[in-house]
Every structure is written in structure tokens, then in C-alpha cells.
Amino acid sequence: MNIKVGKAAIEEASKKLSNWGRWGKDDHSGTLNIVTPQMIVEAAKLIKKGKSFAMGIPLDRTGPQTGLFGGRFNPIHQMLATGTDAIAEQQDWNKIRYADDTLMLCVQGATHWDALGHIFYEDKCYNGHDAKLIDSRGLSVLGIEHSKDKMVGRGVLLDIARHRKVKWLKDGEGISNDELDACAKAQGVTIKKGDFVIVRTGQMERCLEEGEWGGYAGGDAPGVKFENCYWCHEKEIAAICSDTWGVEVRPNETTEANQPWHWVVIPAMGLCMGEIFYVKELAEDCDKDKVYEFFFSGPPLIITGGTGSPINPQAIK
Amino acid sequence: MNIKVGKAAIEEASKKLSNWGRWGKDDHSGTLNIVTPQMIVEAAKLIKKGKSFAMGIPLDRTGPQTGLFGGRFNPIHQMLATGTDAIAEQQDWNKIRYADDTLMLCVQGATHWDALGHIFYEDKCYNGHDAKLIDSRGLSVLGIEHSKDKMVGRGVLLDIARHRKVKWLKDGEGISNDELDACAKAQGVTIKKGDFVIVRTGQMERCLEEGEWGGYAGGDAPGVKFENCYWCHEKEIAAICSDTWGVEVRPNETTEANQPWHWVVIPAMGLCMGEIFYVKELAEDCDKDKVYEFFFSGPPLIITGGTGSPINPQAIK
Amino acid sequence: MNIKVGKAAIEEASKKLSNWGRWGKDDHSGTLNIVTPQMIVEAAKLIKKGKSFAMGIPLDRTGPQTGLFGGRFNPIHQMLATGTDAIAEQQDWNKIRYADDTLMLCVQGATHWDALGHIFYEDKCYNGHDAKLIDSRGLSVLGIEHSKDKMVGRGVLLDIARHRKVKWLKDGEGISNDELDACAKAQGVTIKKGDFVIVRTGQMERCLEEGEWGGYAGGDAPGVKFENCYWCHEKEIAAICSDTWGVEVRPNETTEANQPWHWVVIPAMGLCMGEIFYVKELAEDCDKDKVYEFFFSGPPLIITGGTGSPINPQAIK
Amino acid sequence: MNIKVGKAAIEEASKKLSNWGRWGKDDHSGTLNIVTPQMIVEAAKLIKKGKSFAMGIPLDRTGPQTGLFGGRFNPIHQMLATGTDAIAEQQDWNKIRYADDTLMLCVQGATHWDALGHIFYEDKCYNGHDAKLIDSRGLSVLGIEHSKDKMVGRGVLLDIARHRKVKWLKDGEGISNDELDACAKAQGVTIKKGDFVIVRTGQMERCLEEGEWGGYAGGDAPGVKFENCYWCHEKEIAAICSDTWGVEVRPNETTEANQPWHWVVIPAMGLCMGEIFYVKELAEDCDKDKVYEFFFSGPPLIITGGTGSPINPQAIK
């Protein structure tokens, strides 16, 4: 495709690709509705080795947040009771010795789903909901809780870095629709309706290897081009995920909008999106056995009114 | 069995049922090691209807914590950016309109896994680790992160309430090993090695129906008897889960220890345990189609050094 | 005064009592500007016994928040390092043994100041600032930080409960302007320009004595009548404080507005307001020595963009 | 003095300077007990200009915590209700328009007092309390709440940087007892029993001028030498405060202990200590009027079981 990315292109795509009303005016789950029970049954047949790959990153102080974006911080893990308390006999009044803890985290600070109320187009959310319904008390519409039993189906890895024969794509390198198709073809896998598609750029592995997150969480990155919204729509996939902070290429392809692809895929399309996926071992395994499809299970926490959820999604082969 | 529950019985069971060293001295995952790839492949064949049941409860202020236990509180969800900010044009400098949020929660405050470092016996954790290695900085051993790709396999529901033909068991009612076996037999399901067994008492549904959590999180409850530790060991199950706060019956079967079953199953056996599971719809479905086995997928968040993880486990039939 | 409290009365008072522009269009501190250096020097002369009274309540789980108001919760205090860690030799790599901790709290959850950006009238804040400047990132105008060195001067206690010869006023009992004047007269104290006036109803002491906060934080309460806004304006006091959650009487004197006095005193007048003050011992001392004036020092934390600050204000006699 | 700093010197000083039992075996406030009512009355006479200097630093993301020390982080300020919610009419069901917020912070992360339970010597705290009494539930002894009405008295600034005629001392530069005395003499001020002494190194101002906190919170710093514990004891001051993270010079004067001065002044002496004080404007004013004494009021928040308190202490001249 040849799109001049900008506000006009966003408006055009928002109209052409709109899924508003497609699954009823009360829908809060968007493209996850594409997944049918039969697709899940078929996906289960992909479990042939009995091996599960955890695609979450650790939730701790070593996370990717470096202050770039809107006040996000790395997870804060604190204890309510410890083994040291126990052996000091400080718990024995209660006749049990135990450890207990709390976690404070940014919902979208590490591996996570975006809920459909995460991004607005003008004053509207997906399916025509008013953005004002998302206030300091949380998302009274389009929260992640609506997808609590819907994050399961067929997963496909598109390993763009290996397809290009590089360790990782560089920041700023865009991935075209044609390349996604070529990569799938080369990998011998077909994108099907209802798929959870995971795009590997290698950016996260570069950060881990270099021991520096740098601009990972909010700065430049490799990723899909704006035109990808058309590809997702045409393929009718359930979700798109990546090993980057925001799936799409950065710097933005326009100065008129920040993250222009986001402007379309969430508010207009209701596309489920997963970010900051750790896919190193999954990709190595796929490269080894040349099987790029698997059973996917990535249940979100049921955060009432959440803009998303921290997750540890599983690819099961 | 006929056990006089108390410290002597705990000591005896701890010796007889110990799994220390069974999976190597560096093991941090306990009974989850029982699950083989082949078991996962077999479990996948249980996905026949393509229907997923979410077994998490909502993470919000309506949660079960009422101050009974050790400073636990219900989840606190707060926004970092809102739709009301967006429509007030307070975000337009950034050329994107969005919502963002944080969550602070007790790791074991709602539906969760216990990690093996959660409970100590005297000054030791599972596998002989020193309890002092669990201090204010978290669990340097036996944290939940070690199980990040291991929470998958065959799930079985034992619906004790329906087996007894009651809506729910009353607080204080114990479930014997014989009753578990009889329930399985009546339901036409066999407990197999490596299973994730879920015991339904109905207690949570009573609380939800009555609109009052009351003593749910720390008070009295129906649950398995102390003798259940022998049952879990003999059956070689991977995990036991329940719709209650602590799986075992309360009041405790002894005054010598608080939660005596916990004293054995975690430190001695390394048994994976899931609590506060919501099973209403799963149980109704099992009652309808008489199929009490399913594919189980309950990935924990990778909380480094966590005593467990909040989860939304999935039973997929 | 004889006011029919309602939206019309609010509008009328807002116009008559407005301090917009009085201390410049960039003012963020309102009536605190009334205090002159000379007043502080005079106030210092009230320190005659060398005795300080702490007027904060403890910040812990026993606080007054019971879920009545907008998601407020009691303080959560957690440790980062403990004595039990220390004696278990878990800190000795660092060659120091110590304890460390965190606190999470609602800014207005216990004894606190309100900042002037806390309440809006229609779409405006005090001094004409647009309410939209107070978004999820905090108060970009009228935050408590502007008053960091201004919370000092002459304090006066008006002990209404003792004046009425009761242990405490009942919920719903209003305090008129005439009664404030009569109380001052009876106590032998004059309200002066620039004073920090503290009104004692005894409600907090009732809660403490009964061991139940009940509706303290958001429910019914004794307090000043709506007409009090005229009294504060006429007396030109710097601040008004009380031992209740919201200073003014509840139930509200009208159904047209919630906390009608608040609608006027903050947005129109820029009146500094202190709430949930603990005054038991101060009041007993004043009753004993019949001296109801003192040096007042209640520095706020410098919470950038805060709607107020938790405090432990001091009355020094 | 000529001390070879190390464990032997710590032990010797701990014995010589011990205040254990001096104010009763139930004392939790240490040297604050030195302040008499008469001292407070005398201090009040130092209020001659009616000018208050706020010595707190802002509590926000720009704070000094950079991850150097034990998991400390900068304050996290979040909204519970906003002006943007208000103007979007999302609050009008409640008939009031308002903003509300929360704060999560490290108790010792910005300007703060240390409580006496903050540092241990071997397995003991100040006054002989067992360190195990300070566990994950907080400080059951020696918490900051015990000093709620005791942080008031005479303040004295010792402006070492100006005394040396430098903008700021360099990291690693120690301040001897002789220099403190010489500085006081040059400034024309006498250190008296019961004083709150504030030592200015200029380090904070360097960080602010350079726009980089660098190693401020946990790294190298100018500060008092170990021998200062003898000076504080001899002068019988109530408290010592500084514009640095830890008052004492860093790198440590020994490799045998981290912060050796801390090992003595808190556990043995029960010395009240204030850190991260902002004194730029106060110091400029003192330099101008040559008056280095003032009324000091630094009330702590009443954090039950807190290792200290965030504060905004006031120097009032």
C-alpha cells in the first residue's frame, strides 16, 4: 500500500475499517468476538509437544519503565510478612509461619493487553462510547474485564527478524503488510481468521542483551507500518502482539499524530493488542522445528475498569 | 483415615510426605514437576467444545478482604490518564488521546496461586531452603517466577456441593479423602497423576448470593480435612485449588496449629495450591454435560520473588 | 442571618464574598495572604508555657475511612527493611542494620489541609482558574505546594461543645455565626484578622470513645452552618479548622448541593480549611487555663499538585 | 579529636555516649527529651521578623531517589477525582465538583526525620529494645509517633559552606567538631542545650543547580565526621539535621561499617536526626541579617510504627 500517513489517512482508515456495531452496540471486546469455539478446538490440536512458553517479562524493578511515558513506573513489590519475621518468632502468636506480599504496578508497564478503552479518537471510544465514561474512577465501558474468558485461540509467530536474517530490527524500521505476508509464506504458516498474531522484531532481546532498556518504553522502535491496520482488518485476526512497547514503528510516520496506527486499530476496529511480549525462546523453538503455530492462552486479570492487564501469556506447542 | 490432628501429626506427615530433593536440590516448583509434556498433550484433547471458563474474581474494591488477615486489603485501581482529560484537551500536546492506570493489590488477596515460599515449617521452607532467605526484599528462593510456564495441564473439578446435593457446604464442614474419591466416582471422572484438581464447596457462591464476604478471607470455611495431604501425595496431583480462601476446613482441626494442612502441603510436599477460584459457571456446565475434566491454563504473573500471583485461570472444555 | 440555603444562596454568596484577584491573578494561596509578618511576631508571644499540642490523628489502619467517600482508604504502611531481616544477618553485606518503610495514603484521608484546587464552582476554581487544569497529572494550579511556608500564625480554639456544656454535639447540629461569637466571648478570646480558627464539636472524641468511626468520614456530622462563609469573610480569618470530616453541618442544609458551604469558601473565597483535627488535649488545657489562643504551626508537606496535605499541626502555648 | 574509625571506635563511642535508660526504660524519643518548656518559650522570642522558611523539598517525581538505596523510589502522586471529571459532568450525581488524590512515598525518601527504630547496633535498638520488635508490621517500639509533639524548639544554622567561602562542599569532605565550633563562633551564634542544629554543606544546592541528583541519595557526600557523635553528646543538642542524605561524610571513614556515625547516634544516643533539608533561602537570609538562630517547628506526621516521617520543617525568624 502507499499511504500518506496523517490525520486524513487516520480519518479514512477509521471509516473504512470501523467495527462499530458489528458485534452489537453493547460489545466491549471487539475483534476477540471473531474467535469461534470451533477455532479454539482446532487450535488445541496444535498442542503436540506439550511444551509451554511463557511470554511475560518479570515484574520487578528491572522493568522497562525509565520515566519516558506519562508517569509510568516499574513494579513495586513489598512484603507484608517474611521468613525473617517467622524465625524471629514474631508470628507464633498466630500459630503459622508465612510470607505475604503486595504489588503495585502500572497496568501497561510490562507485558500486557490493551483494553479497548485505552485509546480515543476525538471524543469517542470504540463502538461509539463516549470518552467521558472513562474518568478517574476507571473505565465504566470497554474495560479489560469484558475479555476475561476470550484470550484463547490459535497463535502464530511472525519472526520478522529471522526472516530478515538479522538479530533484531533497528529502531525506526517499519514492517510492511507485504513483508508480513512474505514472512508467513517463508515460515510456512498461514494467517487465519481469529488468530492471535505475534510479531517478533527482536528489539526486546537487543535491550536485554545490551543490559539497557533505553528508549524501549516510549521511544523509537521497529514495528508495523500504519498500513498494518488494513492488513489486520483483511485477515480478520483476533489480536496482534509484539515484543515492542507499542507494536507500531517509531518515530511515527507522521508529525500530525502520535502513534497513528493506535488511533485506528483500537477506537475504530476494536482490535485486541498485546505489547511487550517476550518471545526469545518461542522464536528459537519455532526456528528449530519450523512450526510457527501454537495454542495461545493469555488470560487477563479481571481488573474492573482496567485499561488493560499485566499478563504472562502462554504459547503451547 | 483417622488422624488426631496436631503438631505430632504435622511432624509425621511432614516426614512421610516430604518431596525434598525429589526434583533436585535446586527445585523451586515442587509438584508442578509431575506434569509431563505428554500429560499436556493429552489434556489438550479435552478441548472439545471450544469454551473457556474464567475462574478469577474481579480485582476491585468489592473483593473479599475485610481486614481479618495480616493487613491484606482489596485492590486499589487508579488512573494515570482519563477520557475526561482527553476531551478537556489536556493531552493534545502529546498528539494522542488515551487512558492509563495503576493497580495496587495484595498478591494473595483474590484468586491466586501460592508460591512454595509462602509457608514455613519451623525455620525451613520447601526443599530445605532457609526461611531467612525470604526477607523484606522478597523471596530469593521459591518465588512464583519459577513456575511461569508450568501452570498448564489436565484440570478436574470435584463438585462436592453438588455431590452432597446442597447449594453450598457450611463453614466448618470438612471434606474427607473418601468423599473426594466418592465424588470423583459419582461424577465419572478419574483423578490422574499430574492433575490440577479443583474442589468446589460453594462457599464463594454463598457469599456472592448473600452480598457479604463476612469471614470468607480468614475466618471459618468448609474445606478439605488435614488427611487430604495424604490424598494429594498418593494421587500425585500437580495442584489443588478451591473456591475458598484456604482450601482446608476452618475452624482448624486442632488448636496446636493454624491451618495445619498448610504446614505440610507447602513446606514438606511442595504442593502447588490455588485459592479463591470462582467456579460457578464451570460447575454448572460440568453438571450439564457431565464432563468434569478439561484443559487447564492458569499462568501466574512473573512476580520476581512473589509469594504467589493473582490469576485468572482458565478451564477450557 | 436567615439564609434559605440552596443554589441561589450559593451563587449570591459566591459573588459577595469573592476574593478573586484580591491578591493578584497569580495567587494560589487565598486567605493565607491575610497573615502578615507582624501577626506572626505577635502570635509568637502567645508561647508562654512552652507546651505543644499535636493535632494530627495517627496514620494507620485504624483511621476514619470506611469506604463512604469516593474510594478513600486508610493509610497503608509497609516495610522495606526490618529488624528481623537485620538479626537474620540478611543486611550484613551492606555493613549496616536498619529499618525502612513506605506509606500510601489518601491526601485528605486523615488530619489535613484542603488546597484551593480541591473544590470547583461550575467549571472554575478559586481565582478564576479553569477546572480543566486539574487533571490526572495533578493540580497545575492551586496545589498545596503554594502554601508551604504560610501555615503559621495565631491560633484560636472555639470549643463549642464545652460552651454548650455537652461532651459533643450530635450529628446534624448546626453552629450559627452568633454562637461562634458567643462562644468566643464566653471564652474571653477575640477573633482577629489572620487567625487560624479551630472549631471543636467533639464529634471525633465521640467516635474515639465509642470505638467506631461510623459515618465520620462522609456521613452526618455537627458543624458550621452555611452562613459561616459570611462570618469567615467578615472576620478575615486565615483558616478555619475542625475536628470533623468537613467543617460544615451534615446532613446538608439543602438538597440542591452537597456541602454547600464548601462550594463558596474554597472556589469563591480561597479560604484555607483544615479537617479532622484532634483537639481533645488542647481543649482540656484551654479549659483549665482559660487561654484559648496560641501559636499555630501546621506546615503542609510540599506535595506538588496536591489537593491538600496530611498534617500534624501544632498548637503551642 | 583523633579517632581511628572502625568497629572498635563504634563500640567505644556506643558505650561512652549511651543514653539508654537516661529518660526511663520506656522512652522512645531520646534526645528530644532534652528540650524543656522553658527552652521553647525562649525560642519563641527568636521570632522577630515574622518570616517562615520551608525546609522541605517537593514530593514528586523529581525527587532524589535514583535507585541507589534499598528499593527507595520517588513519591507517586495519583488522582482519585479531577477537574476534568467535574467539567465532563461525571460528578454531578453527587452534587459537588472536586478533586481528590493519593500519595505513595518512601518515608525517608525526601526531607524527613529518622525515628529511633531506624538503625540497630547488633541486635539492639536504642534504649535496649530488641530489634526483632521491628518486623514487617512496622515498629512496635521507637516509632516516629512517639515524637508527635516534640519537634519544636530553638534552631541554629551552621552554614559550613559559607564559612569556608565556597558554594558547596565537595563529596567526601568531612566536617570536624572544631570546624563546627569555629563556624558557630564566626557566625556569632552559640550552640545551646536542646538545640535543633542544621548543618549546611551546599550539596543539595549543587544538585539542584546542576539539575542532576546523581549519587545524592546513597552515594558520596560531604558531612560531619564520625567524631561528631561526641560533639552532639557534649553539646546536648536535641537534633542534628543537614541538607544531605545522611548527615555524615561519605565515602565512609572506614571499610568496617557503612555509615559508622549512624551506628552510634541512633542506637546508643537516641539522637534525633533530620535529613535532606532544603536550606538555601534560610541560609541566604541568615547571611544577610547575620542571625543564625530561629524558632524551629518540624512536626512529623503521626505514622504509627514509622521509621521516620516526611516533613516540611519551618525555621521561623
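Per-chain numbering from 1; labels A, B, C and D assigned in written order.
Just so it is clear, contacts are C-beta pairs under 8 Å (C-beta built on N, C-alpha and C of every residue); 3 or more make two chains touch, one makes a residue touch a chain.
Nothing here was measured: the structure is a model prediction, and the numbers come from that model.
Visitor: Starting from the defined contact criterion, work out which chains touch chain A and chain B both, please.
Guide: Both chain A and chain B are touched by C, D, going by the contact rule given at the top.
Visitor: Looking at C-D and A-C, which one has the bigger number of contacting C-beta pairs?
Guide: Output for the comparison: C-D.
Visitor: Report same or different for the chain A and chain D interface, where same means the shared residue numbers exceed half of all residue numbers found there.
Guide: same
Visitor: Counting in whole Å, what is the centre-to-centre distance of chain A and chain C, each centre being its mean C-alpha position?
Guide: The mean C-alpha positions of chain A and chain C differ by 46 Å.
Visitor: In whole angstrom, what separates the CA-based centres of chain C and chain D?
Guide: Taking the average C-alpha coordinate of chain C and of chain D, the gap between them is 26 Å.
Visitor: Can you list the residues of chain A that touch 2 or more other chains?
Guide: In chain A, the residues touching two or more other chains are 71, 78-85, 87-88, 90, 102, 104, 132, 135-137.
Visitor: Considering the complex alone, what residue numbers of chain C touch chain A?
Guide: So the residues of chain C touching chain A come out as 71, 78-80, 82-85, 87-88, 90, 102, 104, 136-137.
Visitor: Show which residues of chain C lie in contact with chain D when the two form their complex.
Guide: Interface residues on chain C, with respect to chain D: 36-41, 43-45, 47-54, 56-60, 62, 70-72, 75, 77-84, 86-87, 94-108, 117-123, 125, 130-139, 145, 148-150, 152, 256-259, 262-263, 295, 297-307, 310-314, 316.
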